[in-house]
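Two complexes are shown next, each including chain A; its partner changes from chain B in the first to chain C in the second.
Here is the complex of A and B:
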């Protein structure tokens, strides 16, 4: 068992929900609302010094009533130990968690991937866009258990959508707003850009 | 606005001045009268948006970069990934642990054997299986051959990106010899599927050890030649030094791993810091850079190839005899002849093929030092033969996320060198 688990329980008390061990790895379940505070403490406290964020991911179990989990895999260079911190997200509440980009810049793409694959929103993320799927992908979140292995839409529907995709599927709004091209954008696109909206792009209408 | 440079062009026909230097005249417009200063035409006020890829030879696969340029200076890079997304993690949730092995071939396809080993080790950690001594050494050999192959491709293609064609030919010639060995061992050049949970798909063939030793010797000769051609080459040094710098703090904070992290001076190698496969008993050095630029990444990877040869020598020296698979036939398929003649073996065979090998409830994260960096597989099991979650910690994906930061303020042509220095393989980035 990693001694950091005891230190966390002493320091944060009831915010540490439970500590378990599996295959030699120590896993600490923490309160969702205090996740960033706890990870910041683990990173900045000198005798913890988990300065390296190895991975960010999420887990959804096959039992539909079990909550989703966000998983932070940490490593301390100085002591050569790893720690896994988890927080549970009940499915009846909005899937939201604080972004760790202020602590680790490396969380940027990792959290984007979790958002892309599980639909978990990271509050305070500077650029929360889909990353592996395209930005106008409309089928949902592929790694959720209710997402069928073959996808939701037929091949012909996917082809139709791809052929009808508007430019926002290929460029992010920021890119479209760069320099001289901004004035040439359609008015509705400029409006969305000015309001900073994302992910509410209307489906293209009709056939090609 | 930054002050504009005047473009001076030497024209041979205008003669020389009293010092013997060619007289230069400003290109384009008349020299204005003194006093009546004409306003220079505004040319640098607008930024250009340049789309690079996804089909671009210097993006090493299907990476697309949208680049904002001020003249030739990169203001911002926005990478778009996902063109090769195959949903491997989702597919893994519908497969037995051994059936995931072929998926791992197709992720880092420049080092498939290292991926196979990582998958088997992660599943073995989850199931609590201890592998045999011979299997450990053979897996070390597989990992180090992968590292050499991957670094050879990296060195060759990076050379091409920066304008040196010759190393590419040498590197691919050497890589071919390792590929022949790999093919003799696994039957495939690319999709090796070498490992099984609890062992290996096959033992090494006759003559493999001598072949590997001879190939390593010839590799060292070629590496010495590349060293002579590149390491002190003025063009190479000029194109790579001081380009794409990441400090140690930045590299750590951005979760870099592998050569990207070590070139910045952070001493973190999974082989040393979380030893697996008895790496702590091998005698090898981990090269560490100082400046964190493209040149240091080249030096680090170059030295890693030489250290891999050292490890291979030691592994071949100590390679013990014995079985390559664990004796437990609930995990490893019994031999074919036993399955056909012996009732118990047949039951084991049937249960493994039809039901798979169940893993206990729990989860395991296992990582190893792949050629690209820290490759980690994270399994969550609910007690069935298929994982609830199979997560890949993709080193190339995370290393690529630093591209925007590294390229800012450099020239467009340096962006190519920086992108090459990340050593991406899009199969792994997009998964």
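Here is the complex of A and C:
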């Protein structure tokens, strides 16, 4: 058992819901509302020093009544120990968590992936867009249990939307690293980049 | 000792004053012979099939034997688009644009189960066969196909090219997308994308 679990229970009391151990890893379930505060304490307290956020992910279980879990995998380089922190998101409430980007800049794309796959909103995220699926993807969140394996649209509609997407517009100017040379680009490329993928894909002509 | 034989100066023979180096043939044969033996591939490798494709290009299998050693990493100097690996929907407009950029004459090889049918990836993210996006000449089955499989597909494509004729210009017509942005009718795409084999036992959860 990781000693950080005891330290958390001493420091935060009832905000630590329960502590379990699985395959040698310590798992701490914490109160959703105090997640940011607890993770900040784990990162900034010298005795803890979990300075590395390994992964952010989420779990939805088969049982429909069980809440979703958002999972933070932490690591302390100085002591070579890891800690898993989980918070439960009941399904009858909006799926919202505080963003950890202010604590770990690396949480940016990890939280975008969780948003993309599970539809969990991260409050305070600087750039919460889909990251794996394209931005106009309208079929839902693929890793949710109620999502059909083959998607919600027909195959022909999926192909139509894919072929109508603009392959040059998947990235923002910042991601492409050309924000400062934007004005030197050809006009048509400027237009495509400025529109980005946020635009709507045109409806089929003639109601196909 | 010259390459050209000494003209026969015996009585009764007619000696030509022009070079004897000419031959007669059919245009179709000559053009198809040249095309089929100098296909420049445009490798579009997205998955493990691309590893087998690289093996086919390396010394042991050596597709240079078939005039394909010159990988064209620009579609504008390529003849054969080899899609080696699965194609997600996000890459569909990319391969379509690469295909549109290739000059005629051009051919497409669909290498592997995923490129040909979607393979095991019968899911929300994957194109169920690249023939719903670009026209395909040769399908190479396998998961992934061995280099011999790809070489056999290339030989089949060469055979197909040798059967082409310049008298039929329709085979060189550029196949563009229709007004809906599709290559085939929606019904045809749905039919081609129908699950089969083991996919039939996968459930749609909603």
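Note that in this section the second predicted complex is superposed on the first by the 161 of 208 C-alpha atoms of A that agree within 3 Å, B and C clash if a C-alpha of one lies under 4 Å from a C-alpha of the other, contacts with A are read in each partner's own complex, and residues count from 1 in each chain.
Keep in mind that, in the parts below, a contact is a pair of C-beta atoms (placed from the backbone, for glycine too) under 8 Å apart; a residue touches a chain by one contact, two chains touch by 3 or more.
Small disclaimer: the values here were computed from a predicted structure and weren't measured.
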Open item on the list: For A:154 in the superposed arrangement: first (chain B), second (chain C), both or neither?
Closed with: second
Open item on the list: For A:1 in the superposed arrangement: first (chain B), second (chain C), both or neither?
Closed with: neither
- [ ] Tell me which partner A:143 touches in the superposition: chain B (first), chain C (second), both or neither.
- [x] first
- [ ] Of the two partners chain B and chain C, indicate the one touching more residues belonging to chain A.
- [x] B
TODO: For A:162, decide between first (touching chain B), second (touching chain C), both and neither.
DONE: second
Open item on the list: According to the stated criteria, A:40 is in contact with first (chain B), second (chain C), both, or neither; which is it?
Closed with: neither
Task: chain B/chain C common contact set on chain A - done: 133-134, 142, 147, 149
Task: Contact set on chain C toward chain A in their complex - done: 89-90, 92-94, 96-97, 122-125, 127-128, 132-133, 177, 179-183, 186-187, 189-190, 192-193, 195, 202-206
Open item on the list: Residue numbers of chain B touching chain A in their complex, please.
Closed with: 46-49, 66, 68, 78, 81-82, 85, 87, 89-91, 94, 125-126, 128, 250, 252-256, 266, 268, 273-274, 362-365, 367, 374, 376, 378, 380, 382, 388-389, 391, 393, 397-398, 400-401, 405, 430-431
Open item on the list: Touching residues of chain A toward chain C in the complex: what are they?
Closed with: 133-134, 139, 142, 145-152, 154-167, 170, 204-206, 208
Task: Partner chain B, residues of chain A touching it in the complex - done: 22-25, 27, 51-55, 57, 59-62, 71, 73, 77, 80, 82, 84, 104-110, 113, 117, 131-134, 142-143, 147, 149, 171-172, 174-175, 178-181
